[in-house]
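In the two complexes that follow, chain A is the common piece, with chain B as its partner first and chain C second.
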Partner chain A sequence: MSLNAFDNLRSTHPDWLDVIAAIERLINRTLRVDPHAVIDDEIITQQVRIDPKQVMRLLVELEGWHALVRRLFWLCPAGRGTTLEASSLQEFPAFIECSRCGQEHRLHAGDVEVKFLPSDSLLRDVLATQDR
Partner chain B sequence: MRAPVYNPIAEDLGIKPLYLAAAISVHGMNTLGPWQKNINTTLQDNFIRHSLVDYGYQRRRAFRPFTGGLLHEVAPLIVAAYVDSQRWELPTSAIGHSFGTLSIGTALRWNPDLMFNRIITFGSILPRDFPWRTMFDRGQVQRVLNEFCQSDPWVRRARFCIAGAGDSGCRGFHPPESFIDQAGYDWTGHSLLGTPLHCQQVWVPFILAR
Partner chain C sequence: MLTVDLLAALVSRLKEARAKGRLEAVLKQIKADPDVSKRSFRASGTIEQLRDAVQKAGEQGLISAQDLASLVDDVEENGGQHIFLFDLNALGIARVRSQEFKDSFQRLPAQPTPTLYADLPNAKRTYYIERPRQIVVKQVYPAEYWEKDEDRSYADADERVTYIVRKQRRAINLLLLDLARGQAEVRIDRVRGQMDDGLALELFSQFRKDMEEAFDFDSLTTPVPIWQGFTRIVSNRTDTYMSTDGARDASVVVSISNRRENDRGTDVRDHPSYAYATGDYARDTLNVYWLQEGGEKIHTILSRVPGTGMGKIYVAAKLEPDQLTNVIERIRQSTLDAP
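Right, the complex of A and B next:
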């Protein structure tokens, strides 16, 4: 059974059907195991052999179809992981004392990673396909 | 994906990109405005969406009696860049250098709906008595930063050969206003302030200040 938002993708990209199906399977499987899972383009690219640019484009399109909601992760520039996460840029301070490395960091676009969470409608779709 | 990768994809799809503000930069005459390119990365790194207004390399057309004709070309470009940034409902600022300051001032005069959050001028050839108070009262600008240099040779000459020009880039705006910040420098000449370092230290905090 297909998820509604992915049907929209299929109608927009009739030449990407295989790619869309692979991403749909992976997201569906992931959310059935953990409905709160973070959808990350890098993890998808590692698990499914697809052009990373296609994956990024499709995930942002899914956001546009309200299937995904973006979540921002401020990464420690010293490589120690996420220092702060938020749903909007305005929630980030201009400077932060990093909980990971103890140093002060200035907000920099290159340190902000965009990932996604499933929207309520996508989760409903996933649960519905599980029931069937 | 990192924010700089996400933003162009989001914009292309009509999804609000991740920015805190927008800035429009306008270069001067006799140049293609390399400073605009120099500060581009700094602005983007600070989540400021940057639009570069480029009206080509102009020399003779900035002078009397052609000044008005060139302003009629540049002002609509500024308005178009402003309208484009308004798609994302971002507080929008303008950065002008030399003839770019006259263009921004003219665009403000001709378009009462053009509203900038912040305006930064350096090497300004706007008249010292430019009606900032009127612009402020109309809500067309909230704060101005004018950076000038007393020994700027181009600003000194501008008022004699460019219609409507003045020497605020040498002596600052007058009368002083609470919403106008003025900073004088001794050795920055006409164009030396357009650097990534100065942009990071002075312009970015000014644009993002709430």
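Right, the complex of A and C next:
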């Protein structure tokens, strides 16, 4: 079963049906395993071998269809995952005591990555297709 | 008596510990009494407004200096610490029971004083306190540490200058002695706003030295090797949550972290690739959240102190006394049950 937001993408990009289907399968599978998962353009690019710009464009459009939410992740410089998340850079404090490594980190743009999270409606959609 | 100076010092302690919520809870509890007029004082607001509210409540005899000091003690003594666990041997228990031990320390003043709760104590003072199930040795002192001055430090095209400045702040160290259970626990103030293991070990070493004549840790205690319980804690899926883990076996070193902040993401142990809960893997540190009734999670970083036989528990957050006691008990239990 298709996810609603991807149907919107298919109607906008009739020439990209294969690419959209591949991304849809990957996101659907990912969220079924872990509803808290991060939707990462680089993982999609590596797994389905699609042009990175095309992937990013489709993810941004999915954001426009309210299927994805853009999120900033402040990564622990000691390599222990995400220390803090926010919707914008301004929400981050200048310093943080990292819950992952215990050290204090100063905010550096290089430690922040922009990725996506599924919206509540996309998660509902995924769960509904799982039920069917 | 709740004088203006004492009130200012006590409220300042709560502000510094970011414990405004705890003060609000106390004021709300007082106001919940049907005999207390709802308009007599506020139970929420800025810290300054709460200070005025406490003053009004004090004038009406609804809160005493001792009540407020007890709240400050709870906040200062539970959390924001590095904790070391020990077992007392028979000599240790006898030593703590001795009059000589009691006489080695000052007695806590019968009433709280502004000096006792000063922003920066003018000297190191060590007190002996008897509580219902514990004997407590409490050290109040001005701690020193060095920190980079971010405002003055700079880097431009031709020059990079880093200023490291000496800082001082009030700190509390504790030795908690439970004679019935033969247990001892040292809580060292974290002093800085981050987990500074070097500073913690330095302050602990100084604390032991300060205690040396009254209480010799080497001959009276055995450190609890909490790291021997790491595998059991990792295997305990009922009480714990893990957002990150690092371990090694004879062939590889592995590190796994979830991609969401704090405890938002999936427990790393639920990831299909996770296979490090067995006794084949060793860890020097363990980053673990302890699940509480009601869904709250308490974050700790447990570690092995190299070359000492000691383990260390780092607790960044300020906690209710029962919460911290419960977490420490669970860590002790994990060690006891270790295979």
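A few comments on the model shown:
FYI, the second predicted complex is superposed on the first by the 101 of 132 C-alpha atoms of A that agree within 3 Å, B and C clash if a C-alpha of one lies under 4 Å from a C-alpha of the other, contacts with A are read in each partner's own complex, and residues count from 1 in each chain.
Keep this in mind: a residue touches a chain if its C-beta (ideal position, glycine included) is under 8 Å from a C-beta of that chain, and two chains touch if they have at least 3 such contacts.
These figures come from a predicted structure and were not determined experimentally.
In the superposition on chain A, A:G64 makes contact with chain B only, while chain C stays out of contact range. Of the two partner chains placed by the overlay, only chain B lies in contact with A:H108; chain C stays clear of it.
Using the contact criterion defined above for the overlaid structures, shared-chain residue A:M56 touches chain B, although it does not reach chain C. According to the touch criterion, chain A has no shared surface contacted by chain B in one complex and chain C in the other.
Those residues of chain A whose C-beta lies close enough to touch chain C in the complex are 33-34, 36-38, 73, 76, 79-85, 95, 97-104, 106.
Interface residues of chain B facing chain A in the complex, by the touch rule stated above, are 1-6, 9-10, 13-15, 18-20, 44-47, 208. Within the complex formed with chain A, the residues of chain C that make contact are 150, 192-195, 243-244, 255, 257-262, 264-266, 270-272, 287, 299, 301, 314, 316. For chain A in complex with chain B, the residues that touch the partner chain are 41-42, 56-57, 59-61, 63-64, 70, 72, 89-90, 94, 107-114.
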